[in-house]
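In this document, chain identifiers A, B, C and D correspond to the written order of the chains, with residue numbering beginning at 1 in each.
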Amino acid sequence: MTQFSKEVMHVGEMASGAALTVPVYRLKADKSNDQQKHPSVYIQANMHGAEVQGNAVIFQLLELLRNIKIKGDITLVPYANPVGCNHKNGEYTLGRFDPITGVNWNRMYHFDESIIAPFVQSSIGKDDQTIEANFKALMIESIEQKLDHNIFGLTTGQRIAYQLQRLAHQADLVLDLHTGPISSKHLYCPEYAKESAQYFDIPHTLFIPNDFDGALDEATFCPWWKLQEAFANLGIEFSISSQSLNKESFTVELGSQEQIDLDVALEDAKSILNYLQYKGVIATEEYQPKEMTRYGCYLQDYKAYYSPMGGMVDYLAEFGKPLKAGEPLARILRMDNYHFDDENESAAPLHYLSLDHEVLPILHFASASVNQGTELYKVFSKFFTL
Amino acid sequence: MTQFSKEVMHVGEMASGAALTVPVYRLKADKSNDQQKHPSVYIQANMHGAEVQGNAVIFQLLELLRNIKIKGDITLVPYANPVGCNHKNGEYTLGRFDPITGVNWNRMYHFDESIIAPFVQSSIGKDDQTIEANFKALMIESIEQKLDHNIFGLTTGQRIAYQLQRLAHQADLVLDLHTGPISSKHLYCPEYAKESAQYFDIPHTLFIPNDFDGALDEATFCPWWKLQEAFANLGIEFSISSQSLNKESFTVELGSQEQIDLDVALEDAKSILNYLQYKGVIATEEYQPKEMTRYGCYLQDYKAYYSPMGGMVDYLAEFGKPLKAGEPLARILRMDNYHFDDENESAAPLHYLSLDHEVLPILHFASASVNQGTELYKVFSKFFTL
Amino acid sequence: MTQFSKEVMHVGEMASGAALTVPVYRLKADKSNDQQKHPSVYIQANMHGAEVQGNAVIFQLLELLRNIKIKGDITLVPYANPVGCNHKNGEYTLGRFDPITGVNWNRMYHFDESIIAPFVQSSIGKDDQTIEANFKALMIESIEQKLDHNIFGLTTGQRIAYQLQRLAHQADLVLDLHTGPISSKHLYCPEYAKESAQYFDIPHTLFIPNDFDGALDEATFCPWWKLQEAFANLGIEFSISSQSLNKESFTVELGSQEQIDLDVALEDAKSILNYLQYKGVIATEEYQPKEMTRYGCYLQDYKAYYSPMGGMVDYLAEFGKPLKAGEPLARILRMDNYHFDDENESAAPLHYLSLDHEVLPILHFASASVNQGTELYKVFSKFFTL
Amino acid sequence: MTQFSKEVMHVGEMASGAALTVPVYRLKADKSNDQQKHPSVYIQANMHGAEVQGNAVIFQLLELLRNIKIKGDITLVPYANPVGCNHKNGEYTLGRFDPITGVNWNRMYHFDESIIAPFVQSSIGKDDQTIEANFKALMIESIEQKLDHNIFGLTTGQRIAYQLQRLAHQADLVLDLHTGPISSKHLYCPEYAKESAQYFDIPHTLFIPNDFDGALDEATFCPWWKLQEAFANLGIEFSISSQSLNKESFTVELGSQEQIDLDVALEDAKSILNYLQYKGVIATEEYQPKEMTRYGCYLQDYKAYYSPMGGMVDYLAEFGKPLKAGEPLARILRMDNYHFDDENESAAPLHYLSLDHEVLPILHFASASVNQGTELYKVFSKFFTL
């Protein structure tokens, strides 16, 4: 039977001395009669305070997994960021960035590329299993170094991020559950893991390159990808996509923020089990990906459209449906500008916004009130079907 | 033809010296061949920063009114609060209260009841028209006194509120357009104006007593109601509901905040025109209230339900449908509390919340994340059909 | 020897389930060989998040009290408000009001005056000691009623405030430690307790009437004062200032917010021990109030001066020194208005602000940037020496 | 006589349509009888909302400059950021980052290094004056390109920053006036401009390398420095420190935020005039730098010390005085941890923080309440005298 355990991880302290803690749930694989290696999994949710639906997905995953035989260890971390999760300003959760510094909570993970070259040198001639174990150990040690040996200390966010990352490095497959503001479901997927994108019931996939920009998915797959590249440069094959290594990380965008929907969460939990079944983590054949048109887009073609004016926005473009050139994304109301006589267009009370080429709208801003320059929509500006 | 004019009202200054301004639109009645008195109207929107849909309703009202003959003057004020309207914290608009002081923007209007008694004394024997004109003048003077003659000055919010109130006192009918957080449409209506509630296409009406609590509707109808009462105590009839006086004020809650929907706004504009047509403000027969079950509730029975625990909320109860005793309002997820073994109820990951009597849910909190004690729902705890 | 104990009081839960707790320290009087009644004391600090210096004063009180024989029980509660204490927006602590609702944390205590009349009726003929015990019990029961028996629940702030108030009602003397924004030391003192004001080393005292406005000091002395008045109306003497009853409550404003200074805190701890020695709570003769001019002012003459314009403020008036009519309180810089030519006064870059009568400046706003209508200074507009 | 003019620059729009504007003051040099080239100057203030003292310095500069013959044009821009300047949360100004996105307002300037190489190629053989004029034109064109030709638009902050930068590129000497939180005066100076640091009455100078990190000083000197380096790599001398080119940029940290002090501002204005006199911008000999110990530090040795624990801080270390190894920077109060018995050190109520080597404290956090990981102090961890 699946062994279940819970730990409370201490990740910081508030001014009053109140401890910042994160619950860590672990499901231990049943290894009896199983000599094969199966990937281990790390799933976290709610690094951004308002993006709560991942907690509901973890709930539903636990509800489903308690009745499934699991073959690889699974670690699940809801409420990953106890500062962001509880920080209200007015009715909403101001949890995208540290309220003191403004730094995005999902840009504080660590990867120092300079560890790759010496590691590769010292690994030549070793077998994949040894290299994997050593590299995992190196990454964990590198994080522990950051956590423990800095006389000037760490920021609040680093202390949280590094502790989560230490857990994540122990797994082969990493899923970081997020949401957009008001958003369709979409997936950030490393370019090399394209195959896996089809096992999620998510119609939009962003393929991201091997550049580390501070996020958890990058912090966990970039090192392996860089390692593979460094070996390849020496003519050595070390395939992180192989059955035996199998290193993948995804940011799963579950829809809109500030919402809990346990019924939708059940669907998303099943979608994740599709993927875990495909990867051999769970011993079942029950889950099948849904039929749907899956659109892909390279990260460089994922564009933010910033409002060309201040105003109140009636968002018109639907998510996930290609929007023709010239079709309106939104119309902007400007009630400081109403007139009875005919007006010139720039001083009108209503403005339609559109783009000069076809795009696929993915998400839009959370509020109708925008300043000039507020990020209005994010769109796939070039896209293809998987 | 309708005369249209626009004025920009200066209501304050920011630290940089930037002027805080409010646009004021006026439609002047066509009085040619019309000896009758018709009520004048004041409509404002967006006193709370996130409650933007009223601006769209004013837009649609103007679009409709430009083609209708109007008989009473109409003043329309969108963006009534330039501080609240533009104040962001994260993606949302923190516009419910002054960000410096916490004072609710809609609790700063003025009414000093002590003006009633001497006014009544000095009015005995005068005709209704004279009393009306004198009392209107007194209220305006009273506000101007507050605006101009205070050596210690006024708060930022008072300066805004009093200037709006000065405009509102010049009208007979006052509509203050608000929204709830996530909300059904509902109407705050003075108890004496019950009849009028049926002309709005709004299924839920709150009947409010003659107590001044700082809001604009109260600040404009309470003085007239108190005046009527004071005369009645002397055995003098002075009916503010009469055809010739006709003093009414409503707070119109248009649905949810942080949203602009111009199509829904058109429906709400027509609903307001129903009411204005009924009151003889516009010369048309075009508008008819929709058939619908209209529920009423007295203000004392309008209850906020505060969350008995912290957690992440899956809101279940639908608005506007009576919810039986024991049926769940919401379920609360607590992912710090997941266990595989059987648990006691208080430490479970999922909690269902319900009440011990039937209620009519009207609105709920804007975010899924709540602290213990956050206002979760507002409900009609006793209600009736109109 | 003094018995010391610590308890952690649970006052709420955040969205993540994190407990909101408050430390409660208790010093138990040494009653051996002491038949006399000595007043018990309740001291709390930091109800407003940024007003932290009271915690340092409680620290210094504990450091001093561990070496003093105490005769009355003393309860000390630092970090009284775990939400406000930890709520940052930018570098500062946004702890004056609930960040969700805007309600001032120090306006949520409870007093229902309707309990007085029936209590007085049922108490006629009883002795003071019995009346005191019964009334204390009634107040505590009244708070527990609010805490436990409300199907619609309590707000976050009420749950905190009522639990603190339950502790405070058990004591005879109550001190609520606050600070101003940038401020001199001042004391809120009930009018009947004027005598006691001179035992604090605080040069400015506000005398407050018997009106309950939601603060802790009022919530604890108003009921006793109302009780005394109600008995007096029946011709019965029940003196809360008597040696045996001795009910007093103060709000102690320790200076400026956002600052901890342990050296100044030691001075303020000694000032509080002056008062406790005078009241017979501690068995020492060591403490003597400092010689200083002590100014008094009635609450109705304590005036906020709101900025007549937006701008950047150079605060000029010193605290605690009478400021002559016409002398500048502050000068306001308006760098949107600089000119080389001679200008009219209203469009100048520098404006001097003054009042038309002598005042005693007590505190000013925390920031140089003010909107028109921001509370710039608070002053004793009429004052006298004690 | 000096020609003075004022322009109001439109840099954005809020949701209500309110224009975001910035005042731009220009002093035109008197070029009569002056064939020499004198550097032109750009000075801005208040890019971070709470850092207001620079506005007062600009005021005092204008007051002084109206009586001085000026030889180079001077542009002065107070209130550079109308969003940050007016954004309050509670009493303080939350103006360090865009309140919607968290992005630091002083990290949004632009420099695309790829323009250097082709420019150098096309400039070989041209004289310094021509190269200077062409490169200035290129930088301005590059910014205008960003402002005007982006179908996906610009962020709110970019639109502000780029317009300021367009003005700054037109000048030779650029001063960006900032403040720390609670801070000593210090100066950010490019390494090559070391000589100039001594003309400011500022005791602490940070020498910064040629790396662009988004700030205005970097955005204006890095391009010139990179250009000089690129020429140098080709063996061509193009000295930006020469009398005729003279490109320098500084960030001047004037002390603490949230404060206006016009008297101190006058001192700082004179300090800036020292520098401008040295550079030949003004025709006077009146100003002399003060005698003082001037400490220097390389940017890589400027260290933030993050709090190792949550708590309430009594800041002890004085600014500008070397602090010996082991001497306390601060002591942290933890009133959740008070005990009467002897305690282990980690659970004590008072903790002293120190470093293992001598440092020069420059600034500290603005509030006494800190989380674990809050930036407590910034220090020169290695330093030297100039």
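The definition used in the following text is that a contact is a pair of C-beta atoms (placed from the backbone, for glycine too) under 8 Å apart; a residue touches a chain by one contact, two chains touch by 3 or more.
This is a predicted model, so every value here is computed, not measured.
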item: Which of A-C and A-D has more C-beta contact pairs; value: A-D
item: Gap in Å, rounded to a whole number, between the CA centres of chain B and chain A; value: 42
item: Distance between the centres, which are taken as Cα means, of chain D and chain A, whole angstrom; value: 36
item: Averaged-CA centre spacing for the pair chain C and chain A, given as whole angstrom; value: 48
item: Chain D, residues touching no fewer than two other chains; value: 14-18, 20, 79, 85-86, 88-91, 93-94, 96, 100, 312, 335-336, 369, 371
item: Chain-level touch network, classified as line, ring, star, complete or other; value: complete
item: Chain A-touching residues of chain C, taken from the complex the two chains share; value: 14-18, 20-21, 79, 82, 85-91, 93-94, 99-100
item: Residues on chain C engaged by chain D in the complex (per definition of touch); value: 2, 4, 6, 23, 25, 49-50, 52, 55-56, 58-59, 62, 66, 78-79, 85-86, 88-96, 181, 258-262, 312-314, 331, 333, 335-336, 338-340, 349-350, 365-369, 371
item: Contacting residues of chain C [partner chain B, same complex]; value: 12-18, 20, 83, 89, 96-98, 100-104, 151-159, 303-312, 334-337, 355-356, 369-375
